[in-house]
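What follows is a pair of complexes built around chain A, which joins chain B in one and chain C in the other.
So, the complex of A and B:
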């Protein structure tokens, strides 16, 4: 898997910044717009070219049998396997399980991260009290204690929701702390002089001010969520993409392994793209003033 | 409403645990509708004094009153404007100006109407939907001024409001401040480094000493109103400006 879930989202992200840039530059300097459009088009097409090239190399490797077909099946076989998995509903069923676990895990992990992060930002003493627990959780590999979570929460979806929540919690926590602490003290003075209440200060100052940092954390969380759910499924589960990978591998069905892994990539990308879209909508003031 | 400071003192706690006096003790009154400029060397506690009056900083000793109210928290009739424009970068000009009304819970239609009126008075029509970063320094400072006015206080505390602007914009905005004040005659306390700005605007110039700032001179400016930019060449103006300068220069010797 050469295109990691980290590398591909950048492609998405660049596509978005290109659009903003194009609108801006076209408005500012119409006489140069042709060159800029070419540049933008080139940049937009480059990731596609990379993907095509990879497919070609992949095809070449299998065509000339450089590596055993069991290790690297031809693209066509993977495609066949995808069609089959789609037709018989296997892929949809397992994707549904994983996606559900991820979404609930994200909801729990991110909201707890936001809440504790906000509390820590407001009461620095809490940081000292809670940091041993948080740091311990963060520095212990989730793979190591996932079996424990399975024992506690069972092999159903709830244990995967927990592993996902644990893994997405940290970026959400840290970014909330950084975001809320970064709120301008001058603007706090302003809100105080306006006799703003606690809720007004949160809603009209802290939240919008911290939002860019919080959303950046959410992007990281979105890509981590897949890892959380799949690790949980690896350890013990009845369904989900993690189970499908293990089953397919034990049956030497390498094409299905590829299909499953690529589906995980697609899910991570889509979630990341979704957050990027939300960011694009909510932070349009940053594009205007960049 | 009269502002009165009685033996006000502010000290900051130094890292070693010692206390670092920043202001006072200082005692003076500001009458209703009076325009007072505070001048003094940098670091003399002018901004500290403003923050005490704004209710943002409790004095270490002494009391500050606004009319009959002890200033121990921000009072609704007092508004403060800072040196940096202090606008919210994520809000449009219109929403920034309307913030005080929003916090006070005014309905949206009223907010919009009053904010638009204010923008027109500030010659900022057409910039309703612009973001602060898209404005020039002078325009952004006008928005901040509009926000202070819409807070509808009787008392404006202006902490070097035009300090970051070039001389011409600064002069223009100072006179605009007088125009906007107009007949409503708010009480204004304005901190400035600029002696001629102080003399041009104020009824009284208060000169503070070096840290910790104490009252060094209290000079009445008896120039007629309305004031205009060409007054700065009149002998009366120059005499007063020299008088203020002399007080500050004494400090340097």
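So, the complex of A and C:
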């Protein structure tokens, strides 16, 4: 038995009468609620604490010169670079480009993933027909064929959108297949016995049942979208965070490289958070049931 | 007793001599850019023909991106690296104290390639054309800026397209009118495509090298200031070993190609070609014993290509031809030396692009010719 802060005093009081134990439990209630409140607060603060600790370690590394400043610049220099990049519009311009490519790529890739995933879930023969192509695409590192996408789709944003779409497609596809196949056959039979049509079965049963799994796939896709867009930009582009990293690196502006990488992280986290929020809103019925 | 002392002394002397003769080689990483390629032949020759070992080094080669090469040398994680002079200026302007001690490429390797249907006899005719570059960074961008500047133009006078390192494909698809490329490699590929009818309407190409307009400092060997302070002799021995290997590569390209086979998997290794190159290398060694001048050696290279072209398909010889083209960019009476004017021209280009940081200081501190052998190896 794990000894929680509440369980520990109870163990120590073994052997006291039931009444005494009841009184003890009642006396402990305010303390228990305080512990719960503190626990919730700690949970909320823990990411902040982690980030603060990381910043302190980072500062310590540069302050005591454990690693050359050429490789790891001090946090203050990175902050200065961030302020400068925000002020002169560099960061906004490149972030806007990457965000645009990501969003279009995400919409494009996820839509295709959902459609093909649903079709495969309903018609297993399709899985045999399409899986060689899908697995081949997925198992080949995108950096290997991204230059080909640039040649085929041109040097404009369309090649980056396709790169993003390719990388976000697979998690959507797999989770849609798993989600739709996971729908209870008995519930499906029940719907059919009630003369529900295909659309009704989809809307009232399949979609709500598969949604948690589909949304989990969307979370993965959202974080992968940054990788897709940036890989496309690395291969050939005039704007975007991938270009900014290359430019900053080629000019030995290490703080700006850090700013760009942190911006990519922030975008990925924000997109993940956005999908989590959508999930929280859409799956409120699940929490009610629970 | 006296005899015994003499024997002991003799044994001690022989022991010391054997120990010094077997002094272990110093392990050194030399950081290169790009990927293993016949263009790095002098380094393969340096290892295979024992120039580095003779200088006391057991060299291993690693390939990284230029900024990584420079930073690893700057922080002392590697002692030697190859980068372009442009990178040295940029890095020094942001606090990296690296010194360029050997100019490997005597000519800046970047060029503008365009269809022979275009008339660009005057560079001002570039106005309004679409020009492809890998991106707004690196040697190609500096080269384009220099070309434009030499014609009194700026980037706003043309349409710049960032096409990545796909110049041959994008150019042949007709997406750009001209492209910045490496003079020793891509024009050869584009020309062979064009002549095979595989480059859209383009039947042949013309090339304008940046070096024909302005002398910019190019690729060379760098070390850190710390190394020069603590072990200047190591820097000197490495520079001179590279100088000797480079001279042999220039003088005997067949031998350089054969040395490259162990490092570059993609080189054609047709048995007939290798046999022919081995014979050519042996003949060239005999020829070099006569101490011919640079022009005579250049003629011998051209003659070798003519002989090989009569026997082998162009596809088999492409990489050998890349090597010969690259040798033209390396060759000079005095190898390894760079001059202040070429550094200043590069600095001016980078200043024009607004890429320089605040810490550049005196440009003459960025390079040194003290580590090069004055007479050619």
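Definition applied: the second predicted complex is superposed on the first by the 256 of 290 C-alpha atoms of A that agree within 3 Å, B and C clash if a C-alpha of one lies under 4 Å from a C-alpha of the other, contacts with A are read in each partner's own complex, and residues count from 1 in each chain.
We take it that a residue touches a chain if its C-beta (ideal position, glycine included) is under 8 Å from a C-beta of that chain, and two chains touch if they have at least 3 such contacts.
The structure displayed is predicted, hence computed values, not measured ones.
Once the two complexes are overlaid on the shared chain, A:209 sits against chain B while remaining clear of chain C.
In the overlay built on the shared chain, the residue A:235 is in contact with chain C alone; chain B does not reach it. By the document's definition of touching, neither partner reaches A:158: not chain B, not chain C.
Contact with neither chain B nor chain C is seen for A:50 once the two complexes are overlaid on the shared chain.
By the touch criterion defined above, A:191 reaches chain B but does not reach chain C. Look at A:285: by the touch rule set out above, it reaches chain B but stays clear of chain C.
Judged by the touch definition given at the top, the superposed model places A:200 against chain B, while chain C stays out of reach. Contact residues of chain A toward chain C in the complex are 68-71, 147, 150-151, 154-155, 235-238, 243, 246-247, 249-254. Of all the residues in chain A, the ones that touch chain B in their complex are 184, 186-187, 189-196, 200, 204-205, 208-209, 211, 283, 285, 288-289. Interface residues of chain B facing chain A in the complex, by the touch rule stated above, are 51, 54-56, 74, 76, 78-80, 82, 84, 86, 88-91, 99-100, 102-104, 131-134, 151. On the chain C side of its complex with chain A, the touching residues are 65-67, 70-71, 74-75, 87, 90-91, 93-96, 134-138, 160-166, 169-170, 173, 175, 355, 357.
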